[in-house]
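Just below is one structure, and these are the notes that go with it.
Letters A, B, C and D mark the chains in the order given here, with residues in each chain numbered from 1 onward.
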Amino acid sequence: MENSSDPASPLLEVRGISKSFGAVRALQEVDFTLRAGEIHALLGENGAGKSTLIKVVTGVFPRDAGIVRLGGEEVAPRSAKAALGAGIATVYQEVNLLPNLSVAQNLFLDRQPMRFGIVREGEMRRRAKALLADFGLDIDVAAPLGNYSVAIQHVTAIARAVDLSARVLILDEPTASLDRHEVEILFGIMRKLAGRGIGIVFVSHFLDQVYEISNRITVLRNGRLVGERETASLPRLELIRMMLGRELAETTSARASATEHKAREICASFEAYGKAGYVAPFDLELRHGEVVGLAGLLGSGRTETARLVFGAERADRGQARVEGAAVRLQSPRDGVRHGFGYCPEERKTDGIVAELSVRENIVLALQAKRGLHRPLSRREQDEIARRYVKMLDIRPSDPERPVGLLSGGNQQKVLLARWLATSPRLLVLDEPTRGIDVGAHAEIIRLIRELCDNGLSLLVISSELDEIVTYSDRVVVLRDRAHVEELAGGAIDVGNILAAIAADGAATAHEGRA
Amino acid sequence: GQLTIGFSQIGSESGWRAAETSVSKQEAAKRQVNLKIADAQQKQENQIKAIRSFIAQNVDAIFLAPVVSTGWDSVLKEAKEAKIPVVLLDRDIDPSGKDLYLTAVTSDSVHEGEVAGDWLAKTVGNKACNVVELQGTVGASVAANRKKGFDTAIAKHANLKVVRSQTGDFTRAKGKEVMESFIKAEGGGKSICAVYAHNDDMMVGAIQAMKEAGLKPGKEILTVSIDAVPDIFKAMAAGEANATVELTPNMAGPALDAIAAFKDKGTVPPKWIQTESKLYTAADDPQKIYDSKKGLGY
Amino acid sequence: MKGLPPALITAIVLVAGFAACAMQFPNIASTRVVGNLLTDNAFLGIVATGMAFVIISGGIDLSVGSVIGFTTVFVALAIERWGVPPLVAFVAILVLSAAFGAAMGAVIHIFDLPPFIVTLAGMFLARGASFLLSTESVPITAPVYSTVSDFALRMPGGGRLTAIAIIMLVIVIGGALLLHLTRFGANVYALGGSRTTASLMGVAVGKMTIKIYMLSSLLAGIAGIVFSFYTSAGYSLSAVGVELDSIAAVVIGGTLLTGGQGSVIGTFLGVLIQGLIQTYINFDGTLSSWWTKIATGVLLFAFIALQQGLVALARRPVRKSAGATT
Amino acid sequence: MTALLPRRGLAQILALIVILAVDRVVSPQFFDLRLQDGRLFGSLIDVLNRGTPVALLSLGMVLVIATRGIDLSVGAVMAICGAIAASLADSHGLPVVLAAALGAGLVCGLWNGFLVAVLGMQPIVATLILMVAGRGIAQLITEGRIVTFSSPDLVWLGNGSVLGLPVPVVIALGMLILTGAVVRGSALGLLIEATGGNARASELAGVGTRAMILAVYVWCGVCAALAGVIAAADIMGADANNAGLWLELDAILAVVIGGTSLFGGRFSLVLAVLGALIIQTMNTGILLSGYPPEFNLLVKAVVVLAVLLLQSPKFSGFAGIAARLRRTKA
């Protein structure tokens, strides 16, 4: 125990790890050292091999070469269970919990409190409540996890790993779906754990967070180790250069002028649109060439608004108009027919078709829009796939690769490509930059702007207020499933949004729940 | 008053079974008996359930066409306790249950096989003869018995030999498929002298297979099967089949008479009322028999 | 407790159905018929309990009917021909069937093959093996058999709660406790949620798979013994098609075939619903073979549709987040 | 995965070759073919001919399974449509007979599709309903008898020959080509695979998943109807009690042997049909072998397991066995 609290001694040592998937060399002789009590950021572009390294170390994937030492002793876990047994607790990138089990069961699966061979359900729930309370969550832990949003699921996954009282805690993009407040809580807990001598590996694409929390940084690029640095002595631009292997082409601070679009025509509008028990009726106008941001806390009804707008959920009141003409949006098909597109936030369950290739995933919506009898020829499909793979820099660039085998960020790009291929008039993006690396992030924001300049109308949900502020022409703030505030022009800044989110407007909030 | 009789029928797996059911209905109607038929869909457990529910309904008698010979003791004991007489139709049950039923109206399926074998032996004479056999469903007692009877009959004749035996599941389609492969395996069928099928349906399929292979059933290859369903008479009339052994579908008639006598006068019938296993050949005016059998629900 | 609401709905459907049947045939509303329902479906209740575990874990077991058939033949031959004491024969067959299930589970896990097909092969194998043992039906005359099959608790109204019905009830209750109260049970649900995720969360997926199929086959073995008590015989063709009956029972009981949800109690109610359909048709007694089948199908549809409708109704107000449910 | 693509089908072809070789051993004349009355005659032709019903069923089944469904009712649908065809054969012309039978299959498929796509029932139980009731309906039509007919047109469908090949084989081939053309020639294939791969995501991408599901069940019904008509034409009678009995399992088996996952997604029509042929090659071999019928099921079980193991990703065929053995010895 003493030596594990000594900050200098390596707790987890990874030497010369290699891993290939067929022809793809995901990792080549990667070294990595984690010391006790430190928070170590593992960074790199999408597809750099971060998740793969984590999975190899924890025995989910067998490794081709290399060794792993934990506390000086060589370990070779052959399954996640074995890794846990050895003292490595992990939250994998995709939320790996079971939506059909209760929150409490998820937290304590395989280590429930027992008495006489029987699970002590009451005790388990009590502990689950206490555990989640640390993260500021007060939810019914007996309800199935699937009833809750991704954010809550992610917090649960983290809580589970944190509670495993392991020596090493690995968090693969834990903050991707959390909002500020929850990130703060998580960081508090991470610091506390690090203080206890636990080594923490932290993967994130949010560089602010990396600078805020980490002690040291290891960067991977194309499956190779680029270097390991002290966070304090690594300038941001230098870090980005390490990650991308080049300078970031363009900094993304200037926001397109809103007034420029004022005169533009309305692309779609929604009047008193809503659904009982889902979202309170709202008015929303989306103009050509305009970005409307949706801001709010988790569970404030942003996703719900997006689904109503797209037609994934049927409204029971109000009127929708496209280019001025009244339309009915009964199903996603209706949305697609009217030239809408929607990138859902849960890409694994609602977005990708994992088994199908990148090409097929990209052409899916376009094909659905064209209908059965007008199939895209293979040539056209290849053409479209190649174009977007290039445009969005999807890696690996082989369009025939099953999408499920791509890294998370690249899957996100494929989804974006799917909708761009339909040349939509309105695109609804729910957390489009979640899990996307700095390079691609800049790229996507540039793309959003470009699309708008070509007359596309965008409705974007993001938990990153900076991001929203960067590209939005207007921001709608939600609270308790109701639209409470609309900011435009100069009024758009993080402070105003936060104020609107926090303001107490309980009077309007419950209208939608009738 | 009017008798109510529950009849636990096996199911409807073949034309013969359908005929037995419809003949039973006709016979019951003739005698103004209320016959409740429960169809077991080939499952013993369903038959047991049916008997239990007949007991619960307090019927006057129970007819049982057992799907298998064993396993009736406890449910028949219940019937006995409830003083409901039971008559077995079509098939017998295991000897241990002899005192549990009133009488059994059945044919002797071993005997059927023997009749078929004897006919073949007689027809072939001293000529060497390779027989192929289409068995019934594996595990079905009728199939085992008909095989046994036939084997016994031809065992006495060294010139008769069963060269191939495979199950045709009592169905036409399987009978045809199996016969096709027999023909291939026996050098185009040239070495086959006779076909024995455990039922007529398989034989009808086998006859088609022989015809398609360019063979002449009924002439080059002898056929003998069991059941005497109408379609085999049609084949006989066309000269494509030689013989069949009748299994009468009228089991209910004698059973109803026995029950009536037992209820009215207390006459205890013999333990076994055996039905005749009559042999029909092309000499028996098959067309006429065909016409007479057509309306019986086969 | 997980899965209770759908089970509750199945219970409502069962009670409603029973009332409707009793309205038409008052005789049905007697302890005698209820007792028969339990006795006649004892073996089905036992296999369906095992099937519930398998299906909740995201699998399926088509071999159970054949395992029952094999068990009856094995037990009959062991006792009657090989002179083995009944108890020894029971232990032997239970070990054998558990090993059979474990082997199927191992093949499914190790070679990553679909359970549907592996257990289909298991179905052929077990049935084929029972043909090899004996194609004839073998009566069992051992005294235990008559003792057990004669044993019954009298219920008021003339109904009998037989030994095999009691065995079934004990197994159903035991199964429900195992599923809902133990770690094993939680892991069964976990596997049904997602095998990979369960594995990432530290569940020993391979061991669980083997244990689950072992349990199913073991229960099929017990059901086979019960079946042999029921008929006092062993027969290679017994229990053909029981796999479908038990799958239907599990599903009628509110279990999702995709796994991850469901309950043993619901399954038991599903068995009773099927028994009720059968009883109703038997009481009617006017149906020909084909109308029996059609009526069975129609009633099956009616029950499932009713259940599905009630479930949908029950879900409606609770459903909050469209993004995350299902 | 991509590396696997060219190897797709290799395991199946290998399995077929092995089984054919075994058949040759148990029956030396297995590969003999001769021309008789203008049609080919031999065990290989029998395999094709007898494999037709299951091949047809698997053509529909593979699409259903690709959408993550399953259709247990195909055997019963065969019986219904065979019964309809047989009852009409002697009083109506072939077009009417076919239209009625295929129409019935279509209606059955619609019913299944309605239960699954619209009422949201689980496919296995939804189709179990028709599996049970459908055979009853077929028996109702025939009243439990075997309805025979003599219409030469219909008989030709079962027993005729075209260019030396049995008509059923030609029909199955035609259906394979037709289905392939429809599915791969339009966007149907992609949309079906997407629906089976992830229905929620496909729905959100604007795919009419319900319509897809409905369509595949309908097609499955039509294929089953055709199989039923052929089965009836083959024996010149409709045997409602036994036609297609348990064939649903064979069809599912064929699809799985053909490499399509029961969890939906990617499918292959050709390999499914190949799967049906593998099963039939095995069955014919069993019949030719002369072993007592008690062994049939055992042989079938062993072969099925062997074929599946051969395909298992975790088990690279014979090489895998050898490697495994060596490792355990070491």
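FYI, a contact is a pair of C-beta atoms (placed from the backbone, for glycine too) under 8 Å apart; a residue touches a chain by one contact, two chains touch by 3 or more.
Since the structure is predicted, the reported quantities are computational estimates derived from the model, not experimental observations.
Trainee: Looking at A-D and C-D, which one has the bigger number of contacting C-beta pairs?
Mentor: C-D
Trainee: With chain centres defined as C-alpha means, what is the inter-centre distance between subunit A and subunit C in Å?
Mentor: Each chain reduced to its C-alpha mean, subunit A and subunit C end up 43 Å apart.
Trainee: In angstrom, rounded to a whole number, how far apart do the mean CA points of subunit C and subunit D lie?
Mentor: The computed centroid separation for subunit C versus subunit D comes out at 29 Å.
Trainee: Just curious, how far off is subunit B from subunit A if you go by their C-alpha centres, in Å?
Mentor: Computed from C-alpha means, the inter-chain centre distance equals 71 Å.
Trainee: Identify all positions of subunit A at which a residue touches two or more other chains, and write them in rising order.
Mentor: 312, 344, 350
Trainee: Mind pulling the subunit B residues that touch 2 or more other chains?
Mentor: Those would be 12, 18, 21, 138.
Trainee: Enumerate the residues of subunit C that touch no fewer than two other chains.
Mentor: 131, 135, 288-290, 292-293, 326
Trainee: Sort out which chains touch which and give me every pair.
Mentor: A-C, A-D, B-C, B-D, C-D
Trainee: Which residues of subunit B touch subunit D in the complex?
Mentor: 12-15, 17-19, 21, 135, 138, 164-167, 169-174, 176-178, 180-182, 184-185, 187, 201, 204-205, 208, 212-214, 231, 297-298
Trainee: Going by the contact rule at the top, pick out the subunit A residues touching subunit D in the complex.
Mentor: Residues of subunit A touching subunit D: 22-23, 312, 331-333, 335-337, 342, 344, 349-356, 360, 363-365, 367-376, 398, 400-402, 405, 418.
Trainee: Of all residues in subunit D, which touch subunit B in the complex?
Mentor: Of all residues in subunit D, those touching subunit B are 27, 29-30, 32, 36-37, 41-43, 46, 50, 139, 143-146, 148, 159, 231, 234-237, 239, 241-243, 284, 287-288, 290, 292-294, 296.
Trainee: Okay, in this complex, where on subunit A does subunit C touch?
Mentor: It comes out as residues 60, 79-81, 84, 90, 92, 96-102, 105-106, 109-112, 114, 117-119, 121, 146-150, 153, 160, 277-278, 303-304, 307, 312-313, 344-346, 350.
Trainee: List the residues on subunit B that touch subunit C in their complex, please.
Mentor: Residues in contact with subunit C: 6, 9, 11-12, 18, 21, 36-39, 41-46, 48-50, 52-54, 56-57, 68-74, 94, 96, 137-141, 144.
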